[in-house]
Amino acid sequence: MSENPASLLETFDNQFPQRDYVIEIICPEFTSVCPKTGQPDFGTLTFTYTPDQKCVELKSLKMYLQSFRNQGIFYENITNSILNDLVAALEPRRMKLVASFTPRGGISTNVTVVHEK
Amino acid sequence: MSENPASLLETFDNQFPQRDYVIEIICPEFTSVCPKTGQPDFGTLTFTYTPDQKCVELKSLKMYLQSFRNQGIFYENITNSILNDLVAALEPRRMKLVASFTPRGGISTNVTVVHEK
Amino acid sequence: MSENPASLLETFDNQFPQRDYVIEIICPEFTSVCPKTGQPDFGTLTFTYTPDQKCVELKSLKMYLQSFRNQGIFYENITNSILNDLVAALEPRRMKLVASFTPRGGISTNVTVVHEK
Amino acid sequence: MSENPASLLETFDNQFPQRDYVIEIICPEFTSVCPKTGQPDFGTLTFTYTPDQKCVELKSLKMYLQSFRNQGIFYENITNSILNDLVAALEPRRMKLVASFTPRGGISTNVTVVHEK
Amino acid sequence: MSENPASLLETFDNQFPQRDYVIEIICPEFTSVCPKTGQPDFGTLTFTYTPDQKCVELKSLKMYLQSFRNQGIFYENITNSILNDLVAALEPRRMKLVASFTPRGGISTNVTVVHEK
Amino acid sequence: MSENPASLLETFDNQFPQRDYVIEIICPEFTSVCPKTGQPDFGTLTFTYTPDQKCVELKSLKMYLQSFRNQGIFYENITNSILNDLVAALEPRRMKLVASFTPRGGISTNVTVVHEK
Amino acid sequence: MSENPASLLETFDNQFPQRDYVIEIICPEFTSVCPKTGQPDFGTLTFTYTPDQKCVELKSLKMYLQSFRNQGIFYENITNSILNDLVAALEPRRMKLVASFTPRGGISTNVTVVHEK
Amino acid sequence: MSENPASLLETFDNQFPQRDYVIEIICPEFTSVCPKTGQPDFGTLTFTYTPDQKCVELKSLKMYLQSFRNQGIFYENITNSILNDLVAALEPRRMKLVASFTPRGGISTNVTVVHEK
Amino acid sequence: MSENPASLLETFDNQFPQRDYVIEIICPEFTSVCPKTGQPDFGTLTFTYTPDQKCVELKSLKMYLQSFRNQGIFYENITNSILNDLVAALEPRRMKLVASFTPRGGISTNVTVVHEK
Amino acid sequence: MSENPASLLETFDNQFPQRDYVIEIICPEFTSVCPKTGQPDFGTLTFTYTPDQKCVELKSLKMYLQSFRNQGIFYENITNSILNDLVAALEPRRMKLVASFTPRGGISTNVTVVHEK
């Protein structure tokens, strides 16, 4: 993984900053690696945010998420770290990230993290 | 696209203005063109509004939405601009527009915009 | 259609008027005629009400809804007029009517009307 | 039907009375007889309650519900009477009963009754 | 079953204690034995909690739940006892456990228990 | 149960006997009683037949099936006996009966019986 | 109903008669009247045919099916008669019609009729 | 596990041996133990058979399947061995067993075994 | 539309011509224009083919299908013409095209065309 | 990727070689890289085979499939090559592999390859 994957995130100007509105982005093809077992993890990341001055550019978000492909990282860290990176890049009015991981050992895990400005 | 597609929108008189009620209109056949790639985009637009004095005539709404067929426009602009056009034509008590676009590069986007009188 | 279809509605006494409770009645076989095109419309009507002294008798409700079979009437009028007829007949504590019509020209419409005593 | 079917209901002591928690019991095999037509009715009863000192024993609940098998009784009476019997037997902190009956003449009916201590 | 199955539960440090967030863990392969009939019970346990200083380690949770495999225990006890064990081990800010059991005699049961710090 | 429930079955003349065609009748509200446990059984009966000279009248089929409501009879007997009664009454070119019973003890049973003229 | 509704059916020339191919037309908004009870019936008609020299024009098929709206006719007659009318108008290589009617008295009926040239 | 779990299987006489018919039995609550990892496995077993002189008694089948609860056995052995035991006990005209196991490491396995007399 | 849209189709060499295998390509975003009404049509095209020496390059297929975006063409022509273009470009061992169009006037149409070498 | 990923595949002896039976293995977490765009691809691989003397060990199959994680390879090559590797390792009586890939540019692709001994 590159030193600072968050630098991959690009933004464009929100053309409607006077309005409070919601953008939901669903990424069902997230994959990373479990740091304990070395086995790949798979999940769906759903971002829901109200932009302030900036919106995230979708292709750059895809490249950013792909930077986790071969990185060893736990579920809770994935969710909190990615939210933190997006919040730093977008400074949104509010943002929620729900990460739903596929079953391991018959057990599924979903992590939900919220940022309020 | 014609100079002013909003002029395609026609209205009829709300026969029950003394009552606060809700009309939901689901348009699953919206298509426009991505201004960056030139590729067509596809989505479902769902309007939910409380009419004041005017309701939107459905056939005119269909013609209005078809005026975007070959227009290059981004997701956020589609949703905000169409809401603005409808609000200008109908002056509703409140109106919500949810635009759900089909996946691109494995990523789906929904935009939700609300107008309160 | 008969002069006054609302006269078809029959009621029976609510045996539990001291309790606030909810009756939901789902009628997926509603059909009327579009006054503009002369084409039949089809929809599902869902009534949700809290009875006061009277409940609607189901067979009479069916006959009442069938009186619209060959009547030309718009979506908004269907929903508001039927709610008004039911409210007049039942004097319920509250009543909601959701009318969901099948797609026309690729567009579906749902109308939701609420009465509060 | 026996004189007093409610006597079939048995309870056991709630082992966790200091905690407010919820038990949901779903009975999709309820059947009784329509008193007007003599035809059988079918429905799903869903009980949701917060026990106080007593919980309902499931096998006794099944026997109690079976006592309605050949009894002529209307939808509203089924729902209100069964809730009353359960409330009398359990004295719960709160209890909701939703009864969903299968379509008759193309029309489905659901009745929802709530008891608060 | 071992004397104290709760000792099987292991935790790791919550790396984001300054943030209120939610972890949902879905375990569809729970099984125990009915103490009255000796027959196996099957259910899905869904934990939803906000960690404080500790998160539950998933493999240890699996081993803990497996310790009930041949234990005779009623639905209400399963749900309340397991919540109590998790609360003792994790001291979460809040935790909910929903246990959904498969039908017995045509009747399904769900138990929902909540702990607030 | 009446002595000879099959006498309840009524037929009407097939108006299209020169054509081989198929009538499927789905009856999801069948109920009888288990002769061993005395508990009610519930199932869906699906008849698929090619009429020869006679078709079954639907209301009489309903009354015939209701005659099993309080009769003690095993799954295999239900399916074979009912097929035999229908075959005797209709003399169809061919007939299939699929009986799907709801779970008991976590186990569901379907029985499929076919008659060829 | 008009004297000869089949005269409503219009055809257009099959542009690809040298190829055996299949056209499926699904009409979920069929309604007629039960001649015994006078109550409306509702169903979905699905036509599957291989055209020879002629294809059915869809708008004319819709008008033809609407001619049954207030006609009293039994399920088996609907299906056989409509197939006969279509076969007479189109002379297809083969045609199947499946008519699926909504439940009456808890019982659903599907009729399947096939024509081979 | 008992020495010879197949001895748990009981049969009753097929009352309709002159007819070739099919009994399907669906058991979604099968569980055993993986001999390699010691972890529990879960699956659905679906039996489909044509009885000759004997049918399997359902309660005895349940007890027989429960005898695998704490036994270490691989997927292929489960399916083949259970089919063999049933075939020995019932001598059916034909029998199929489909065993569908829940995912392990993101991979699901189904095994299908058929016996023809 | 360009003069000869079929020229947009590009192929690549089948690396496994010694094996008969099947490629299925599902294109849910097809749109063209009805030549009679001028209204847009929408459908899903599903290609299923066994390649001989050539496979279709997916991006070129997308561009080819987009060439129909503003072309007036009937359902049957779409399906037969597109199959013909693909067959000419790929010379497959066999190819099937199923085109499923969204409802118009409450009626859906699917066209299935097959080519055998 | 290692030089020879097929060497990762391990087998165990089929304990029931005298019987023709079917093992289906569903792997929904396959991922590789598109050699043209460098973007990750995602798909579900479903193996269906009749073992002869050898069965594939599931954990080794998982490791083998993971060896494609960062390899650039086209859909058709994935499916044919993986089938070839499995056939070489298992020498099955017959084997089918269906590979279903997620949409790219609004288009989904499934490839089905069959080997017969």
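General observations
Chains here go by letter, A, B, C, D, E, F, G, H, I and J, matching the order in which they are written, and residues are numbered from 1 within each.
Methods note: contacts are C-beta pairs under 8 Å (C-beta built on N, C-alpha and C of every residue); 3 or more make two chains touch, one makes a residue touch a chain.
From a predicted model like this one, the values you see are computed outputs, not experimental measurements.
The minimum number of touch steps linking chain D to chain F comes to 1.
Between the contact lists of chain H and chain I, the overlap consists of J. The chains touching chain A as well as chain H are E, J.
Interface comparison, C-G against C-I: more C-beta pairs in contact at C-G. Ranking all chains by how far their C-alpha centres lie from the centre of chain D, first place goes to I. A rotation of 180° superposes the C-alpha trace of chain B on that of chain F, rounded to the nearest 5.
Annotation: the D-F interface is duplicated by C-G among the options C-G, A-H or F-H, judged by over half of the residue-numbered contact pairs being identical. Relative to chain G, the most remote chain by averaged C-alpha coordinates is E. Put simply, the C-alpha centre of chain C and that of chain H have 52 angstrom between them.
Chain geometry summary: the mean Cα position of chain A and that of chain I are 37 Å apart.
Averaging Cα coordinates per chain places chain F and chain G 29 Å apart.
Shown for chain G are the residues that touch two or more other chains, namely 28-29, 39, 42, 102, 104-106. Annotation, chain-chain contacts: A-B, A-E, A-H, A-J, B-C, B-I, B-J, C-D, C-G, C-I, D-E, D-F, D-G, E-F, E-H, F-G, F-H, G-I, H-J, I-J (touch as defined at the top).
Residue ranges on chain F touching chain G, taken from their complex, read 14-16, 19-29, 55, 58-59, 61-62.
The part of chain J that touches chain I in the complex is made up of residues 76-77, 79-80, 104-114. Per the touch definition, chain B reaches chain J in the complex via residues 39, 42, 102-106.
Note for the complex: chain B touches chain I at residues 28-29, 31, 39-40, 42, 66, 69-70, 102.
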